[in-house]
Structures are given as C-alpha cells and as structure tokens.
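One chain, chain A, appears in both complexes that follow, with chain B as partner in the first and chain C in the second.
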Partner chain A sequence: MTWGLELASVRFGTRTALDRVTLVAAPATVSIVVGGDGAGKSTLLRALVGLVGLSSGASRRPPKSEIGYIPATAGLYVDLTVEENLAFSGGAYDVTGQEYAHRSSELLERIGLADARDRLGGQLSGGMQRKLAVAMALLHRPALLVLDEPTTGVDPVSRSELWRLISAAAATGTAVLATTTYVSEAHRASTVTLLDQGRSIATGAPSEIVGAVPGKLGVVRSAAQPRGPSWRRGTTWRLWSPSGVLPEGTEPVRPDFEDAVIIACLADERGG
Partner chain B sequence: MAVLAETRRVTKRFGTFTAVDAVDLAVASGEVVGLLGSNGAGKTTLIRLLLGLLRPAGGDALLFGALPSMSTRRRVGYVPQTLGLYDDMTVLENWSFTAAAFGSARPVLPESIRDSKDELVGRLPLGLQRRVAFALAFSHEPELLVLDEPTSGVGPLSRARLWQDIRESTEHGTGVLVTTHNMEEAEQCDRLVVMVDGRVAADGAVADVIGSATVVQVTCDDWRKAFAALEEEGLIVQVQSDALRVPGSPGQVEEILARHSLPATVATVPANLEEAFVSVVTKGTHR
Partner chain C sequence: MWPMIVKEFRQLKRDRRTLAMLVALPVLLLVVFGYAARFEVSNIAVEVVGPQAEQVAGLLRAPFQVVDVDPPAGESFVVSRLRDGDAAVGLVTGQRPFLVLVDGTQLFAAQAAESALARMTVTGKAGGSLAPAVAVRILFNPKLKTSWIMIPGLTGLILVFIGTLITSLGIVRERQAGTIEQLAVMPFRPWDVIFGKIAPYLLLASLDLLVIVVVGKALFGVPFVGNVAIFALGALLFLLVTLGMGVLISTVSQNQGQAIQLAIMFVVPQVLLSGLIFPISSMAAGVRWIAYVLPLSWYIDIGRGVMLKATPITALVEPLGVLAGMAVVVLGLAMLRFRQDLAPSVRGGRAITTAPAAVPS
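Presenting the complex of A and B:
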C-alpha cells in the first residue's frame, strides 16, 4: 500500500499553508521534503498523519496504530528515563511483554543506549535525544514513519547514525517521509519534493530533478555579479540562462543537485 | 593577506576537562574559514577565547594582533545562531540600537531589508530575520565576522543569497569565521578546520580535508537485502538514493554480497565531505 497526499490543501483562516500538494510515500523507500522555515513542511506532515484537516484534496495513510510520527520539537519525555520513554511508547502502541523486551533491546543496542537505560531523556545530547525519539517511533514497526526535521542541529556524525537507523526501517519495508532544510541530505532519498510557500515546486528522484533543469548553467569567475539569474558557489558565480544562451566567456557546467534546487526556486520565483 | 584573528597553541580547561587543546587557528583578511566539529568538540569555546570572553589556560588568542579587548571587539561582527535580534522592535529600531551601541553613524538601511523597516522583527520570516541580523552585524563595517550556523533553517534560495552577502563582505577585505554542521555551507568556505575532542584533526581546503578518502559504492537490484547483509556483518551502511555507500574495502563488501548470493556492482568512489568528516572524527576520537 502506498501512502501520501493528493492535491492536498490546508488553509488557516485566509492563509494557505499547503497548496494542492501531491506526494507519495511508498513502502521500503525514503522520501524527503526539502524547504526552509515556513515553507509548509510541518503542515504537510501533520496533514498526512491526520493531525490537521484538509481544506481540499486527499490523504492516504495507514491506521494510527501503524504510524510512527516525530514532530520537529519533541518526540520524547525529558523527565522520563530512556527505558521509561520506550516503555511509554510500547504501552501506547500495545507492544508489551516478550515482544517489548526483544524490540526495545534491539533498538537500544542499535542506537548505542543499551547501557544508558536509566539516564533521563533530558540528560542526553541533542543527537542522542533524536535517536531515542526515532527508536520510540519505530518500536511498533510502523508501516509509515513520519519525521519532522530529524537532523536539524544534529552534528554530522550523529546525523549519519540517525540516517542509518532510518534506512534500516525502510529496509524492513517501512515507508519513510522526512523533512529537512539541508539540500545535501536529499541525496539520501529515492524521491524528493521541494516545498516553497506551501507549494511543491519540484518533485522526483534527485537525478530526475537534475535532469529536468531547463536552459543552461555556467560558471563566471568575476567579483561582480553577472547579469541574469545568478548566485555564489564559493568564490565563483553560477549563472543560469533559462533560454539556454550563455554570454561569451561563461564556462558551461553541468548542474549538480544543489544547482538544480536553486534553479527550481528561481524558476518558481520568476513564474510566480 | 593580513591575519585578523589568531590562536597559537591556545588551551582552555574547565576543571580537569580540556575543552580546547593547543589549537592553532588563523583567519586572514578576505577569506572564509569554516570551523567544523561534533557538538562538544570545542568550537564554541575556541570562539569565546578568540573574542576574549574566556581566558586561555595556555597559549595565546589574538584579535588584530593584540589581546582581545573592548576596542578590538568593536572591529568584530558576530551573528549567533539565535540571531541576537530584539523581536519586539522594528527592523529600523534594531538598526538604530545597534548603530548607537557601536557608536557608528550609518542612517541608511541596506536595500535588502529596507522594505521591511517598519515591521516587528519577530513577525518576519526566518530568512528575512537572518538578513536583518547580517545587515546589523555588517553595519559597523567589521573587519572580522564570526557567524554561528549562519543559514540554519532557511530555504535553498535564501541560503544562496545570504552567502552572496558574506562573499561581498570578503571582497571588501573582511575575514569570516563560520561554524556549521551543514556540508553545503562548509563547501562554500575557502578553508576548513575540523576539531575533534578539542584538537585540530584536519585542516585545509575542502579537497584537502577529503584528501584521498574513498567509500565503496554498491548498486544492486535489491538494496534492502544488500543493506541487511552488510549491516549484519558490522559494516556501517549509508543509503544514497539509488546506491549504498560503505566505508571499507571493496573486496570485503564483494565477499559478503557473494556469500549472500546478491549480484551487485561494487566500485570505489571518492568520499563526499560528510563521509570524509565522519571518518576524520571517528579516527580522531581519543578521549
């Protein structure tokens, strides 16, 4: 069964937080939504898991008992120990007895907290807290795992450990949908949706998004900003020509995923 | 290029804990230096030593060739991760307050934030708040900028535009020290310094930090089975959209996959910055 949103819109009063977004979260895959603060990422996830109602469109999701969801700000109880946090999650999802003992040990081993069962959630580092939160959301082997910015503020080593945990869930068949503000993380997904002001402005496999870049991209090595849509990459400029004609002296370059994302944003800004 | 900020074997201890251990760092005029490291590696302590907010237990921290003081700190612009703006004041009020604090007379708001001058800062989208914080930090024309996770939380286009502002300042000779966990941001820097457990574990341009590091890339029909087989053997596997990436030797990976009867293409490919960073940190941990 494939989960997702179809032409889903969410309005808060007169403000449209999510505007006709279509998105798929298939079993055994990782899908990632990339966008900045205020792009509508959290609203999208909340709409998918049923925490916010749709103004129009449809949401396909498994029953609540088969969803694992971590909001951006929380996901664990700081006043409970590591073990109590997991046990609470077990109680909520009816994972008890032998099954709980086995599953909680497996997950604690995996996140490196097997010897820290008695530590308070609040005493863990930020990265460890996120790993525990993901473990809590995975305890009941959900069909759909929904993670709101699981790696924001997490250092790169903890981040790669978190992604291993998330990939392992996908490898056992879970459909994973996560949000991020880091473009470089989108490479970890089989499908990426780029969200801006509540709208999906590009979607597909990272290679498809790169392949769909219209026009031509060039490198300009000058201090002054070139005329036309351009942005900095290190000490050089990237210049995008939607029509495919680059000015003389511009060195053509194949866009990478980061370029493709910026071009999608620029194209949307020009169109909008 | 003139060196603006420098530490020479600077050391800081908190009780018996050595947070910064004999670190050499230099930021010159016109360059962007990225300071990378896991949480607790000593990045913030090093910055606080440079700004004179902490006293070293050994070695020296110098700002513009002198010990940090009120007068040298005036020549520094700092944007903390939390931005340090007054949410319940307008953009213009924040601007005037900063100008007064630094004793600089710069009445003209930069064009990038002029349209929002009468809005309360707290009501602006985060990307614009960051531009205001940058404009404020640049307003007294600092010679050195210290930026903590400068584009955290902003979208791709806003991030590109903030980096445009940063680069514009370096072209006027400003030196920039950036701390970040974001690899796109790290790749924008001229030079990186990677800290592990209070020490410098690697430094140089992005290509120097990556060096000759490689990973094994696996493509196969059933990534799930390959992932499970490699993880079961204790390898650390990362999934990239259509491939698996594993540190280690291709021979070992091939042997495991063959034993599980999993046909796959195995190749050694250059590591990306994040993979190289993780490798440096993992090897460099000595605490």
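Presenting the complex of A and C:
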C-alpha cells in the first residue's frame, strides 16, 4: 500500500498553492520534497495529512492512528518535560503500559535523551527538540511519517543524527515523506520531488533527476559571472547551455544533484 | 523618531481589531454611561394585595409602578412574588399599618422605595391616605448590604474570566506554537480536543466558585439559603456558555493578543450591562435589550435568587432555559468553527483513507 497525492491542487482564493502534484510515499522508503521558501512544500504535506482541503485531485493516506506528523513550526510542548511529551504522544496513540515503557526507553536511548527525561522541552537545544519531536511521531510505529523541514535550523551533527533516526524508521517499513530546503540532504532519499511555485518540476530517484538534466553544463574559471544561465560553485562558475553548445573556454562537467536541481528550475522557468 | 512613528502607524493600520477596539470601546462606554449606567431607579414594580388593594393601588404614583393587584391574596403570596423576582415591592393592605415588603436583593430599587415611602409618609404627597400608616420590612437582605448582592454576581464574573479569557488563551497558545496542527493529525475527535482543553478550566472555575461562596459567607456573612443543586445547574450552564465563547474566540484569533482583545470586548459589556453594578431596571428602554442578550444577566438572576432568596426552580425556568439555549448555540458554533480548524472539508478533491496492508513492526 502506498500513500501520496494524485494530481492534487490546492487553491487559497485566487492563489494556487499546489498545482496538480503527484507524489508517492511507499513503505520502507524515504521520499523527500525539495524546494525553496514558498514553493508549496508545507501545503503539500498538510494536504496529504488532511489539514488542507484539496481543490481537485486526491490524497491517499492511512487512518490518523497510523500517521506521524511534525509541522515545521513545532513538534513538542516546550512546557512539558521530555517524558511528559512522550507520554502525551503515547496516550494519544494508545501506546500504554509495558509497550510504552519499552518503546519510550528505546527511542530516548536512540536520541540521547535517556538521562534528560525530566528536562523541559523548552530547555533543550533546537536539534534536541527536533529529535524529541521525531521520537514522539515515531512512538506508535506509524505507517506514514510526515516531517516538515525536520532539519531546518539544526546543526550538522544533529542533522546527521536526525536522518539516521528517520532512515531507521523507514528500515522498519514506515513510509517517510519529508521536506527540506537543503539540496545536500536529497541523496538520502529513494525518491525526490522538486517543487517550485506549487508545481512538481522533476521527480524520481536522485540519479534519475541528475541523468535527465537537459543541455550541457560547464565550468568557467573567472572572477566575473559569465553570460548566460550561470551560478557560483566554490571558486568557479557553472554555466548551463540549454542547447548543448558550450562557449569556448568552458570546461564540460557532469552535473551533480545540486546542479541538477538548479538546472531543473531554470529549465522550468524557460519552459513556463 | 519619524521612521518609528511611521512604522507604528503602518502596523496599526493593518491591525484592524485594535483599531476597531480603539474606536468602538469609547463609543460603547459613552452609550453605556449615557443611557445604561444609572443608579437611580425610576420604576419600582409593586404588587398590591389585601382588601383595600384596588384603592391603594390607585393612589400609588411614580416611582411605584403597580404590576399586579390581587385583593384576596395575603402576605405569603407577596413574599413568594418577591422571591420569584416578579416585583420589587409588595404592599399588604387590610391591616394597620399597611405592610410594605421590599426585596433587599434589588438594592437600588429597595433604597429608592424606602426614600419614596419616607417622602410619602412625611409629605403625604400620594394623597395622604398612606401616611403615616405603613410598616416597612426588607426581605432577603435586611441591612441592604452591597456585599450580599455583589458576591453572587462576582461568582459569575469569575466564571466569565476563566471561561472566556483563560480558555481562549489556552487554545490560541496551541495555535501560535503550531501544536494545534499536530493535534489535528492525531487520532482525536474535535470534541476530544475541545473537552480536553476546557476540562481543567471547568474544574478550576468550579473550585473558584466554591471558594468565593465560602469566603463570601465567612467574611461578609452572605447567606446561601437556596438549593445548591439549582445553583450548580445555573453555574454549569453559564460556564458552558462562557467556555463556548472562549473556544469561539480562539477559533477567530491568530494570537494571544487578538484573543485578549476579543475577550475584553465580550467581558466589559457584561460587567457594565448585566445588572452586576447598575440595575437593569434603571437602563433606558432602548439599551435594556442588550442586558438580556448577555449571559451574565441571566446568571445573576439565578445566583442572587438562589443564594439570597431561595428562589425555587419553577421561578428560574426562564433564566435557566435562556442559558441552556445560549450554551447550545455558542458551543455548537464553537464546535463547528473548531472542527473546520482541525479537519477542513475536502473542497473539490478526494481524500482516500486506507488502512495499511501491514503495520510496520
């Protein structure tokens, strides 16, 4: 059984926040939606879990008791302790008694908060808060785990730990759907969807998206920005030629995933 | 400084509710104090009984307004009419001196009646036939103590504050923190969330109510002569209305500031126009209807009636019924609004909910 959206559109008044987006979240996989601010990532997740009504299309999701969801803004109660937050989650999903004791201990060990059960949520660091939020969403072993920018504002070490936690959930059969603004995190996914202005502009495995890059990409080693669609990568410029003909003095290069994302956006702008 | 002033004006322009309150509140206060906030009572409802009832009723002049003349009835009938709130003053004829019974819970009406009777007995303006042959007896609040009539009203005010202000803040806090979205995705029904949120406040408000009644009795000697169950029923219905208002306010507020503003707009008219301070009977007829759409007005009827007069439930059917109706309407609206917040209807698309093939282990 897979979950996801089929040609889903969401309109707020005259503004289209999501435009015929199709997306699949399969069990035991991690699907990531990449997009800039305002691309429609949060709306997509909210439409999937039923917080936003669809104007057209369909959303396929398990019952609420099988969903774990963390919005971008929160995930826990800052005025409850670590233990109390988990207990609330356990109560909500009917994980009680021995099962709760075992599961909460296991998760607290894994996120490194076993010795901080009595600390208030608000006293935890940003990374710790997000890890606790993910643990709360995972407590009932959901069939679908939906995470809105779980790593935004989190330090690199905590980000890595968070992804380890999320991947472990997928390994036990949970379908994970997460959004991120960090392109570098997309390689962790089985499927990536690039979202721009509410539209899906590319979807597939990271290697498929890289492989589908149109035109040619080159490196320009100069201080000045070259003419044409180009962007900075380290000390050099990347120059994309939609026609496949690179100007003289440009060194051809195989695009990586970050390049592929930028080119997909540029190609979409030109096509649109 | 100039950029700061410009910034403030721009922010204020977008904060329509604050602007509305800044404009509406002074107008409201003007209307309230101009038309409604009066201590002087110009109409005192009088029940006249006894053999000379018809004759005496014809002699009574303003501020007395005869609401019923019943020659065969006697003192006990008048007491029951006053207890039920049907009249503020009862005049028993057929004895010398005539007996004037005054409802002490209608403080300003009682004071006005006393002074009008004193004038009549001194000057004999009412034709002289009443003077000096009246004996005045004040019932339910013999010393006309302000604290006796304020405490039942204060219990209502506390319920308004806790029920409306604190409840609305509690729910808005979830919205501001973003946790309300999580609650919406958890396997809770809207009613679970609403009741879960209001249950602690329901308990706290009940405890507060108990404390005020006990402290009022201990410190001020305020009696509680009526049926506790009727009082509890009235308080519960009133609390449901105020809690419903709190939930309703929270559904239309994006932050705690907005919730406080709306709650104040709900609470202030109740303080001023419910009869808590200014008697409803003193209000100009044009604004008196406002008092009857405020739940606190009806609760005060029940509170004062039960605590001070042992008013029976048969005489409180109207306020209890109105509060029950208000509770149904307000809680119903709150539920509908809250439901929309938690589970928006699918507008044109489909939502397919399917159980997973196998729960991951």
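Throughout what follows, the second predicted complex is superposed on the first by the 272 of 272 C-alpha atoms of A that agree within 3 Å, B and C clash if a C-alpha of one lies under 4 Å from a C-alpha of the other, contacts with A are read in each partner's own complex, and residues count from 1 in each chain.
We take it that a residue touches a chain if its C-beta (ideal position, glycine included) is under 8 Å from a C-beta of that chain, and two chains touch if they have at least 3 such contacts.
It should be emphasised that the depicted structure is a prediction, and the values quoted were computed from it without experimental measurement.
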For the overlay on chain A, clash or fit between chain B and chain C? fit
Regarding the shared-chain residue A:Y69, is it in contact with chain B (first), chain C (second), both, or neither? second
So, A:G57: does it touch chain B (first), chain C (second), both, or neither? second
Given the touch rule stated above, what does A:A143 touch, chain B (first), chain C (second), both, or neither? second
For A:G112, decide between first (touching chain B), second (touching chain C), both and neither. neither
Of the two partner chains, chain B (first) and chain C (second), which one does A:I262 touch, if any: first, second, both, or neither? first
What is the contact status of A:G249 with respect to chain B (first) and chain C (second): first, second, both, or neither? neither
Report, please, how wide the angle is at the C-alpha centre of chain A between chain B and chain C, in steps of 10 degrees. 100
Contacts for A:G122 in the overlay, against chain B (first) and chain C (second): which applies, first, second, both or neither? neither
Determine the nearest approach in Å between the Cα atoms of chain B and those of chain C after overlaying the two structures. 6
Quick check on my understanding: which residues of chain A belong to both its chain B contact set and its chain C contact set? 28, 172-173
Please output the residues of chain B touching chain A within their complex, sorted ascending. 36-40, 125-127, 149, 152-161, 163-164, 167, 171, 181-184, 187-190, 223-224, 227-228, 231, 236-242, 274, 277-278, 281-282
Contacting residues of chain A [partner chain C, same complex]: 1, 8-9, 27-28, 46, 49-67, 69-78, 92-94, 141, 143-144, 146, 172-174
Any idea which chain A residues touch chain B in the complex? 28, 30, 34-39, 125-127, 152-160, 163-164, 167-168, 170-173, 181-184, 187-190, 194, 196, 205-207, 223, 225, 231-235, 258, 261-262, 265-266, 269
Chain A-facing residues of chain C, complex: 177-179, 181-182, 184-188, 343-361
